[in-house]
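Both complexes below contain chain A, partnered by chain B and then by chain C.
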Partner chain A sequence: MISIDPSLLAQNLVNGVFTGLLYSLVALGLALIFGVMDIINFAHGDFVMVGAYLTYVLATTFLIEPSLTAFITMPIFFLLGIVIYKLIIEKVLGAEPLIQIAVTVGLLMVLRNLALMIFHAEPKGVPFTIFTQPIVLGPITIASSRLAAGIVSLVALGLVHLLLTRTKWGIAVRATADDREVAELMGINVKKVYAVTFGLGTALTALAAALIMTFSRADPYLGLLYGLLSWVIVAMGGLGGVVGVLFSGLIIGIIEALGITIVGAGARELFIYLTFFFVLWFRPRGLFGRR
Partner chain B sequence: MSLLTEAQTKTTAIIIVAIVIIAIIAGAAYYLSQKPAQTVTVTQTQTVTQTASPTTTTSPTQTVTPPKIKEIKIGLIEPLTGAHAVFGQEAKQAAELIIDVINNELGGIKNLGGAKLKLVVADAGETPEQAKLAAEKLVAQEHPPIILGAYISRMTAAVAEVTEREKIILVMDGLVDSLTEQGWKYVFRAAPKASAHGKSAVDFVVEMAKKKNLTIKKAAVIHEDSIFGTYVAQGAIKELVKYGIDYMAEAYPYDISDATPIVSKLMDYNPDVVISVPYFHDGVLIAKTIKEMGFHPMFIAGAGACGYTDPDSIKAAGEAVEWYTNTYSYNPARPTEWNKKIVKMFEERYGKLPTEAAGIIFYSLMVVKEALEKAAELHPEDPLNPDNLREAFLSLDLTDNNSIAAQLYPTGHIKFAPNGDNIYAGTAILQVINGEPHVVWPDPEPGIQPVFPRPDWPGAKG
Partner chain C sequence: MPGTLSKKLALTKERLYSLVGLAIVLALVPVFLGFNFYYVLLATNVMLAASLVAAWNIIGGYAGQLDLAASAYMALGAVITGHLLASFGLTPWIGMFIGAAVAVGVAVLVGYPTFRFGIKEVWYALLTSALVVIMMRIYYLIYGSFETYIPHMEPEWLYLTFRRYEVYYYMLATMLVIIIWVNLKIKDSKLGYYLAAIREDELAAEALGIDVRRYKLYALMIYAALAGLVGGIYITLTGILSFRLFDPWLGIVTAVMGIVGGLGSIGGAVLAAVILRSLEEYLRGAIGATYPGSHLLVYGLILILVGVLKPEGLASLLDYLKKKIIRR
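Now for the complex of A and B:
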């Protein structure tokens, strides 16, 4: 497998870009919650899993195109996020990291085992979608579901970026992230900022899940996959906001696709974590980390 | 425009710790969840009284039995609770049915004066440790000379540690090849091992291609990288090499998030056939991606009994798995007298069709009966001695004409090699046709023909 066809390389570069954009979207909610609230949410990937099941249930019950269920699941998840924040997260704000870890790991276990109990280990998927035809550009074939997922992800990242930089609420969020006490003194309702941030971060996982369900399936262990990936992307991005998440998601997606092409799919995780270690080795604060 | 300003070194450290913890959890979960869906291990313990030949056995000549045996305990160690309970419970149902058939319809073990079999059951739980403990307890309390079990291969290995030490015959329904590569003396496996699944998938496509005057020049083998998936793939590759077919092989972790890079690689290689060994969930992703990328090979054959053709996968993947096949250790549609009869009895008693977990027990337990008959014939003085039983198992040569066991087996032929594996091991093949799974090979269901090549293959005529 030493000689590699350039068109195969180009093909997988394209594959990697679209997957990477989706990875960025998956990680965005986590970056937001961690960046603003300093909470280590281990259950993040499992929100994606729950979102995937919800998409499955809605799409197959009402026969809706899976990607469109996001219009229903995002508001539900926004509220779910706020409820979870009020019930669980608020109590451990500012607590020892170990306690925060215990709480969110507990949440992860509850979600995962609920899924196992309700849906068992069998894969659940939506057997229909509007994305069935590939887009062929010369030697490159693009799966339309990945193209759609990539574009929607990019738009979502852009909107969140604008929200944070161009709105009053965004300024309040960033102020809170910078210094909670000073923000509070300035009259910002920090509790409210936190609740909305957690809700938004959770709603974004529902969007990602709806996009994933156009080409993949829901299973109880999906959370493991996306949870870990999100953490790597957030750490690599160096908490550099939306831009950091975007770039490190793209890097992971491309490295993964090229690694599979050049070496083999068996070592997929090896490439991801080697990249992660190299980045942190040379830039301990991440790609976009600030002093 | 970073979201966070302070204490970054600390937070980075926390993130790294967090990732390490998640990685550990992920690793543990992966280990615990290894291939739950597919290997079916069924253990049955049977106590056996001696009997004679496996053929229509001669009536019990009473001169044969100095120690009068009235009842033989047969042990069954299966995962009756936990993640794999669905398989273990079905295996238990199958064992109870077959024991009833042997005792009532067949008159027990004829060469042992009609001695009855008594099923003694233990729960293997979900870990090798639990399985081993169950085996220890069952052996200590019931002393069965023969045990069946334990579906999940690593749990079967744990049970074998006990049965080898205690010199008890273990008839295994775990499918990983290595179970018969440990030098164990008292283990037997009628079921097709993992590599036999891969071999059958290739044999099927080669036979079909020949029938339709098509040539397979290149094949691609993609498989999830668990021990089971790797053995299945190796079996397929060995067979491809035998037929002189060029191949590429690609292993991938079963929890892969996107299959486009793998499918792109397949399209670049452009094989005539794809042999795919999915874990379960990944099958949905791969089938959907192949369809969406517009990849149309001559045929796509699954191997390893997991995914593609089971009702859940068909429901999840929809049209994407149409015409996919997969290999199974049992053929409920095999048109032999006893297979039809047992399937009907199972349906009447339990209200469902037997799947692989039950099927393996059907023939494994019938093999036990034949072995007991044989042991009584060869060693009437001590038929239940482990070495005499072993000799009896090894001397069996069961075919459709001389045994019920072979009638229940996909290839209709069971003969054990010294390592305990069936020399004539093979699987049945199911294909999704119009959204329904049908047995298409080697003995197709009535009125069903395999669809080969795929109608969407550009080379397919009409």
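Now for the complex of A and C:
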């Protein structure tokens, strides 16, 4: 039998929960875009990557705390999302999935290689952050940057949930997601809803990227990891809204932690993607789906 | 009905002539390149990409399944051929067929439940992309980050450890011609018509009594076998066994080339692979050193343009040219 040190397991599980919260935040933008607009966005992870670089540039140029750059990067990304929507995404709305995938893979290649051209391949990290002091609870040590990332993610998820359920705009978004034509007949400006949704989905990646930069580094290949991961979470969450995304992210974070504890760090992606296979095979509508 | 029969024959003849023409052109390429080491290596890489895209065309173009795992099946063929050669001294001539068989086995293992549970479109694409990462991680858990080198063995023709690239070029060019031939054969067969029906409308195909799962699985198996064989040849060229062979990115790029070429058109797919791969190498040489990644950036822009402006891809251009020539 494999013997596992219980305190190590507890430690990894706690890490898994905080990582999972962050993963939920990364996936939330994709879930919004896919759920509302039916757009298959393969470039989602690469927005996280671009956000990480933007955080790096802002933090090191103006010497500000990386997590605080989110106040600058989120509005920039909101506009960037709308521009990309107008230039590219609008043209492939309702197109075959294959065409949407082709176009967003093209976008992914542009973003990634732009990053590679400007910053070259070596990872870039911000050498300072206010989150340095770890929190020690008995045998468990929590990195304060991870804790902060988890809490901010949870708050952001809550805010988006409120936005979708308690505001007029949120009702318009959900109506559009349910039935585009009827929503249009009810006087909802669907084009505008789409543009703002894409902008919001993109802006959320900037927040996630700012949080990631407090404990990790930016490199051009970050996109593939976060892109696939987001899709795994969206697949699990189905179209169950923010709550589905939250729980799926947590599950993925915990599975990753268990994989690291039982087999080793080399196995973290292995368990996530195997889970993905089984979820798609046996619960194709997701664990929290409603359709 | 002799009329229709001769028509059918004529079509096959036309295709046969194009295939023979292609083979002659491919055979002459190294001569035109003056047997220059570097250029022949580039041509070999172009043949590799074209073969992989041609194999992908069966599952992606004909069956309409956006498979992103071409690199997984290729790498499986490669590592099995390579390890059999490096550890047991088994000739790649046999090894590559074992590798292809294993690739087919994995394809069935993954494809059967996937088609059984009706996974398609974006989920199929993501699943296959995840498959590449899963296999990479499994290889990594077994062999770690070590790279295994295949030593030079004599006789060269038996162990395929040639010192010049021309031999590999001709092997991959032959492979390409064979894969195109398989494509053409499938297109005109019962399987090809079934796959076309599945691609156009899966539900309608099923309603007509086509065993959708079975024929999708057949397409996947043929594709995996061909990709595995290509991998077997590829490993004798590079001689380095590493987990990096399982490259999710290569799987995506293969599908991208197939899409740019126009789905279901083998001519377009091969043309796209040849043009894009050559352009990539040219741009890498021209501007890649000063601006790393710029060649792939151009790639991405082309893809966006093709997707937004001309979803039929290069194949529509080919058709257009063909019509023009015939009209004259």
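FYI, the second predicted complex is superposed on the first by the 288 of 291 C-alpha atoms of A that agree within 3 Å, B and C clash if a C-alpha of one lies under 4 Å from a C-alpha of the other, contacts with A are read in each partner's own complex, and residues count from 1 in each chain.
One rule holds for everything that comes next: a residue touches a chain if its C-beta (ideal position, glycine included) is under 8 Å from a C-beta of that chain, and two chains touch if they have at least 3 such contacts.
Please read all numbers here as calculations on a predicted model, not as lab measurements.
After superposition on chain A, the partners chain B and chain C collide with one another.
Shared-chain residue A:A265: touches chain B; no touch with chain C. In the superposition on chain A, A:A175 makes contact with neither chain B nor chain C. In the superposition on chain A, A:L68 makes contact with neither chain B nor chain C. Look at A:L163: by the touch rule set out above, it reaches neither chain B nor chain C.
With both structures placed on the common chain, the touch criterion links A:W281 to chain C but leaves chain B unconnected. Once the two complexes are overlaid on the shared chain, A:I88 sits against chain C while remaining clear of chain B.
Judged by the touch definition given at the top, the superposed model places A:V103 against chain C, while chain B stays out of reach.
Contacts of A:A121 after superposition: both chain B and chain C are touched. Shared-chain residue A:Q11: touches chain B; no touch with chain C. The larger set of touched chain A residues comes from B, when the choice is between chain B and chain C.
Chain C runs into chain B after superposition on chain A, and of the options 40-48, 130-138 or 382-390 the stretch responsible is 130-138. Overlap of the chain B and chain C interfaces on chain A comprises residues 40, 97, 101, 105, 121, 224, 228, 231-232, 235, 264, 266, 269, 280, 284. Of all residues in chain B, those touching chain A in their complex are 1-6, 8-9, 11-12, 14-16, 18-19, 21-23, 25-26, 29-30, 33, 36-37, 83, 222, 225, 250-253, 255-258, 260-262, 264-265, 267-268, 280-281, 283-285, 288-289, 291-294, 307, 312-313, 315-320. By the touch rule above, chain A contacts chain B in their complex via residues 5, 7-8, 11-12, 15-16, 18-19, 31-32, 34-36, 38, 40, 42, 97, 101, 105, 121-128, 131-134, 136, 141, 143-146, 164-165, 173-174, 177-179, 215-217, 219, 221, 224-229, 231-232, 234-235, 238-241, 243-244, 256-257, 260-261, 264-266, 268-269, 280, 284-286, 288-290. Interface residues of chain C facing chain A in the complex, by the touch rule stated above, are 64, 66, 110, 113-114, 117-119, 121-123, 125-127, 129-131, 133-134, 137-138, 140-141, 248-249, 252, 256, 259-260, 263, 291-294, 296-297, 299-308, 311.
Only residues 40, 88, 91-92, 95-103, 105-117, 120-121, 220, 224, 228, 231-232, 235, 263-264, 266-267, 269-270, 273-274, 276-277, 280-282, 284 of chain A touch chain C when the two sit together in their complex.
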